[in-house]
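In the part that follows, the structures are each spelled out as structure tokens.
Each of the next two complexes has chain A plus one more chain, namely chain B in the first and chain C in the second.
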Partner chain A sequence: MSTVAAPVRRFRWPSAARWRAIAANGTVMSAITFVVLLAIWTYYLPGGLTAFQLNNLLGLTIALAFAGFGTTLVIISGGFDLSVAGVVSLANVWVATKMQDSTGSVIGVVVVVSLIGLATGLVNGFLVGFLGLESIAATLSTYIMLTGFALVLLAAPGGVVPTTFSDPLTALLGDTVPVALLVLIGLALVWLVLRRTRFGVNLFAVGADESAAEMSGVRVRSVKLATYGLAGLMYALAGLYYSAEVGTGDPNSGAPFLLTAFATVALGGASFAGGRGSAIGTIFGAGVLTLIPKVLFVLGVASFYTSVVQGVVLIAAVLLAILTARLVQR
Partner chain B sequence: MALVAAQNLSKSFGETQALSDVSIAFEAGEVHGLLGENGAGKSTFVKILSGVLAPDRGAVEVDGNPVRLGGGSRSLASISTAFQELSLLPNLTVAQNLLLPRLPRGPLGTVSRRELHHRAGEILDRWELEVPLDAEVESLDLATKQRLEIVKALSRDPKLLILDEPTAALADTSWLFQHIRDVTSRGAAVLYISHRLAEIRELCHRGSVLRNGAVVGQFARGDFDEDSVIAQMIGRSFDATFPPRSQGASEETALRVQGLSVADSPVTDVDLHVRRGEVVGVAALEGQGQRDLFYALYGLRRVVGGTVEVDGEPVSVRSPRGALHAGSGIALVPEERKVEALFLELSSQKNLTVPIISEIAVGPFILGSRERRRAREEAKRLNIAGDALERPVGRLSGGNQQKVVLAKTLLTGAKILLLFDPTRGIDAATKLEIYDLVRRLAEDGTSVLVYSTEIPELVGLCDRVYALYEGGITGEFSGESLSEDNLLGAAIGHRRHGESGSAAGPAADPGHPERAVASAESDRTQESTT
Partner chain C sequence: MSAQTSVESGSAGQPGAAGARSEPSRLRSFMRRPGVMHALIVWAIVVVAIPASRIVSPAFPSLNQIENIAVLGAFLGVAAFGVGLVILSGGFDLSVSSVITASGVFAGAYVQNGGSTALGIVLALLVAAGIGACSGIGVAYLRIPPFIMTLATGTIVSGALLGLNAGHPSRPAPQALRDFFGTGRLLGIPDTIWFFIGFVIVAVVLQQLTTHGRRIYAVGNGELVATLSGLPVRAVTAGVYAIAGLCYGIAGIMLTGYSSGANLSLGNDYLLPAIAAVVVGGVSIKGGRGTYVGVVGGTMLLTTVGNDISATSLAEGWKQVLYGAIVLGALVLSLGSGESGGGRLGLRRRLRRQGGLGVGPLRERPEPVGPGRAGPGS
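So, the complex of A and B:
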């Protein structure tokens, strides 16, 4: 709010187009939803919002935020990516079975897992961009394959995630600032930079109209390759952070991410037709999804209703965005 | 030696030969006009020259050196194109669109907004276009988008500048023509594609006429003769093209539309009517709401105001099913036959018999013999080749596909036909058959409302024509007043010729049909269909 030195200007009501842009901006909508839920939760929380409570909330949010970030990229490019579930499962199992309690091993495993995610994404991008496969078919195949690999490594839930790895990621800095919060802020910054790069502009171009992008000289296939590759890397990071939070391995741990990742994107206001979206909206969307069970808990609603409410909130948020956009358009 | 030379270019899609053995040389400093009907192969030729499509055979040489084709438009720095369907990205800003794909980078590797706006601003100044650099292209009106597309092509300083129907949405051509002369005076060549003969006459040093994918005629500035060029384009002389009009349609009104407004479209307060047995046209430039108007009458758009009467009874059409059952029935031949009207993988006879599936079936089972018999009857009526019936409709030529669409539409039994650009992309012979068919139907009491991108077609075919501009009727023409000039004038928003035009839409501003300075907030922007 720095209106200090601004010259005196006659107040001008924002134009219809401006209003429409604001209303149709999913980031604003999901941020508002998040803040409202956070306020309700804080109000009913015995003892108010402590650093510990916040860390707990963000710890649950962050893996989903990474997964949603990757999904957002692919959705903006006009595709769908189901491989998130497979990458998260494999990453989790890899950490739980291969990581030793030493710095060297931690770094080694983080690098290997990141490369697995990146490689999966590049395969997806190659299948979709260069071979012209339907994105759902291509990524469904990689999802199934990776789940298979995860089961080969670890047939049943088990294994331990070393504390050398998990402690720093889940810590409270100076007992007040959750590391997860800094990572989330970093993630948001990555998005703000990314969408200002040439790649970012090309991504939006390809998602809006592939043939117009092609005619404008954008290398559509390469953009898709990079998009899926980057998304795969994000899924791997989601799997790493998830492992740090839960501390154990499960070959099916990625499955819940599949639908929730898409839910965060929808909450964040991206267009599933491509060409519109914001990872920051998605990050808030991830916050909304993790806040809902907590809010229900403090309100005394049985936890069975969590999924029901999550679904209702999702519909409400998407509907509200459409309705306001339409209302403003009149 | 020619600056740019296309040599023996051939290209086919499936069984359709889009381009066969086309050679055209573009000389430095000259504007080369290219004429041809829809579907003559112009777009294919442009796409090959722009590097978007690879030809089956042939080559393109720039300064005598062959260039790589089909690698995307970036691979051809020496040729740039303003595409008819526009290559602008709706969700990017004006500045981003102008400099794509080489956006200037700042020290951080991100796109430098300051540099981007600086360079884009220079381009706009240089080519005299005023548009807010920050505006998303989506928010611009169609004429401004068209100018932006042209400026984008101009700004690449190409050796060959391709302008594909650059004036489709421009009422005033002086800005464009002046810059074209700039370009040629600097020694570049221009390929100018338009169906407006007057522009070709004014601008072009030389020209070629395409028909069915081949060059059928060439002309130079001195010997340009409109009649012979038209004859070359359609393959016969112009007068013989259209069947005679009927003598006085019935006085009964089959379809009456009053005060119609359509949701999310420019269509506002449209009044029109079609008498029984009358063929009524709608003339409009791209994106004036004609599609929304037709689709609303068929229940595919939401109507937010006004009334529709069929045979004097008010009807409320909310779906195509409702339209087919409204009074004597309303049926639509849609714009995109391959997407909206046909099941491409199914045979023609299966496509044909979809509307009468209950007649050819016993219980849940379709009787093959009945299907064949009914399909044969219809095929005969519309002169569809017999061997076409068994083949997947996607393999047929555009003309035969459109006949299947028409046959299918007629089988619904509807007495009011909405034809949306029924002759788009089909050969001249089939066009004639369709004109004859429309006339025969009208004689038999069917009422027809037809939109066509080709204004001469409306003049030749229709009893009466409405002009539509920015979603409002700007004129109504029949008899003496039904001429190309009058229609075009009304379609670009000049109302000088409207004899009994109803009130124009609120945005139609007769004095200034085109805004020189773009409004970034135009709510009436209509995306052009690609």
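So, the complex of A and C:
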């Protein structure tokens, strides 16, 4: 949190230390990367950036942003959560198999799926916070189990997501403003509020130094329980939005989220050692990750190599974060 | 008994030292070594689980079933040695599937294009070890978190495979491999099982008796202490990932021979089971504790359960659910026997054993806070 630049009141050239702080600020860096990639994409796009193109881009970004939001919370707390892939798979399969084309059914399924995510997260939080299990191991077990449940519900890709559910989420308001954009802005606002709440402050404290937080009277176990619970809810929302975008079910649909969720967090500049990170950086990170294949496409690179570039970008982002963190410490 | 052990290992700190210093008989001190008890429990469950398979099918237990489990377990067991070694060193590896696939596909493609089988296998193993070494260098020298580094190398390799093999969804297995891992038998036992027995012996010797093996334990128990003791921590860490890559490569070659071909999803089903087998086998995910004998037990347990589920009419998904439940059970079991103590979170557990997490005792014992922060993850 200490690296967040304070607002400059009067214009003055920032000092060298301030420049370094800005460079080390993951949110700023991921936002700049996003804008640069967006500019390249727009430049090469035939016909320029239309509302339709923007809606398409944000539609692909938004599920990732939700998944990344949850992952960010857990990373800040100093843990790892692999269950994101399992929750997204189960949510997707649940929507594709249980949801009918009626408002009542849509609301019912959304509530049930959210509760599944929340419950999974609370189980994770209990295992990590109260039983003291290592977070990777504990969430690995819930991840494997959830993938199993998804396979039991739907053994092979199939099923249909009702349009009553998907249309409003993927719509363009007044043919200009994508609903996804409003949701993303809402998500960013949620973060701005959340990190100022008692829970948010405690979350950073636990991630920065668990023992110190404990000694300062922070109830570390409860904070972890809430962190994983909230993260699980976010994964469920990611699964819901993902289902609305793709319109069908696949028991393995969540698997790619394992890489991408962590990549967005890395791109967003969070520290994997805990205690530092921003969901807004993660949201821009999700945008960057979605833009990469699109930019590669307009530049004429074969789509096979998309994941190669994503992997390289992931390493580069983490290396950059490590290097800039060292610069600031100096 | 278990409570007593946990208190002792908790107060003694370093497990290796605790084993060496204890006065009682060698057997008892061996039994107290972390992971040994766990390995015995897992193997006991395996021995019970195979006859118990009769519940799902009257055809079980049979020699045929045991042979099947051993063969299928061999592939997983070889990969799990790599994963186990990485976890033992305090790391994590998510590149298992891609490296298995890369090795199998490379060997298949090399021989298909007219190369010799032996050279193809050697080159494939070198490629696999090389990919592992790349992960290792990233983790050890560039200080990228292992989780992220291996996720990235895995993704890069799978993307590259997809690009390089465009138009070749599958490569046929070289005849020699097909003969050995597919159909070959010696004294009525499949060659794969003989190969695996040899692999286990080499692996156990490497891990338990060689200097490199002991160094891996030391690094896993605490990088700081290992560094201060003069160990080449970075080289050891990088080497671990290279050996792990080699193991995935061997698993890839075995699978290619067994399934008489290598397609781009050859290794897909091995990442989670391999990590699960390692955890079930009693290797602490924080590093420094565990045995390969336990991991092989975990492998056989998971394979037996998978075999049983496949014999029933239950959906394939239940296999996964059960795997997850077994992993969770193993984690809780190791918690109960105190084997997950130590490491970064050891402070809290030690405090809990002293009777609570309140502010009082923490104020009295503030000194462990410093070393706790200087853990390998920072």
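Points to keep in mind about this one:
Here is the rule we use: the second predicted complex is superposed on the first by the 298 of 330 C-alpha atoms of A that agree within 3 Å, B and C clash if a C-alpha of one lies under 4 Å from a C-alpha of the other, contacts with A are read in each partner's own complex, and residues count from 1 in each chain.
The rule is short, and it goes like this: a contact is a pair of C-beta atoms (placed from the backbone, for glycine too) under 8 Å apart; a residue touches a chain by one contact, two chains touch by 3 or more.
Because the structure is predicted, anything quoted here is derived from the model rather than measured.
Within the superposed three-chain model, A:193 lies in touch with chain B and out of touch with chain C [touch as defined at top]. Of the two partner chains placed around the shared chain by superposition, chain B and chain C are both touched by A:214. In the superposition on chain A, A:34 contacts neither chain B nor chain C. Legend: residue contacts after superposition of the two complexes on their common chain; A:276 is shown touching chain B, with no touch to chain C.
In the superposed model, A:143 makes contact with chain C only, not with chain B. In the superposition on chain A, A:311 makes contact with chain C only, not with chain B. Applying the stated contact rule after C-alpha superposition, one finds that A:202 touches chain B and leaves chain C untouched.
Once chain A of one complex is fitted onto chain A of the other, the partner contacts of A:152 are limited to chain C, with no touch recorded for chain B.
Once the two structures are superposed, chain B and chain C can be ranked by residues of chain A touched, with C on top. Residue overlap on chain A between the chain B contacts of one complex and the chain C contacts of the other covers 209, 211-212, 214-215, 217, 220.
Within the complex formed with chain B, the chain A residues making contact are 15-17, 193, 196-198, 200-202, 204-205, 207-209, 211-220, 275-276, 329.
Across the interface of their complex, chain A is touched by residues 50, 52, 72-74, 81, 83, 85-92, 96-97, 100-103, 105, 108-111, 113, 139, 152, 264, 520-521, 523, 530 of chain B.
Of all the residues in chain C, the ones that touch chain A in their complex are 92, 94, 138, 142-145, 147-149, 151-156, 158-160, 162-163, 166, 272, 275-276, 279, 284-286, 315-325, 327-328, 331-332, 335, 340, 345, 347-349, 352, 357, 359, 362-363, 366, 368-369, 372-373, 377-378.
Residues 80, 127, 131-134, 136-138, 140-153, 155, 209-212, 214-215, 217, 220, 251, 258-259, 262-263, 266, 272-273, 302, 304-312, 314-315, 318-319, 322 of chain A touch chain C in their complex.
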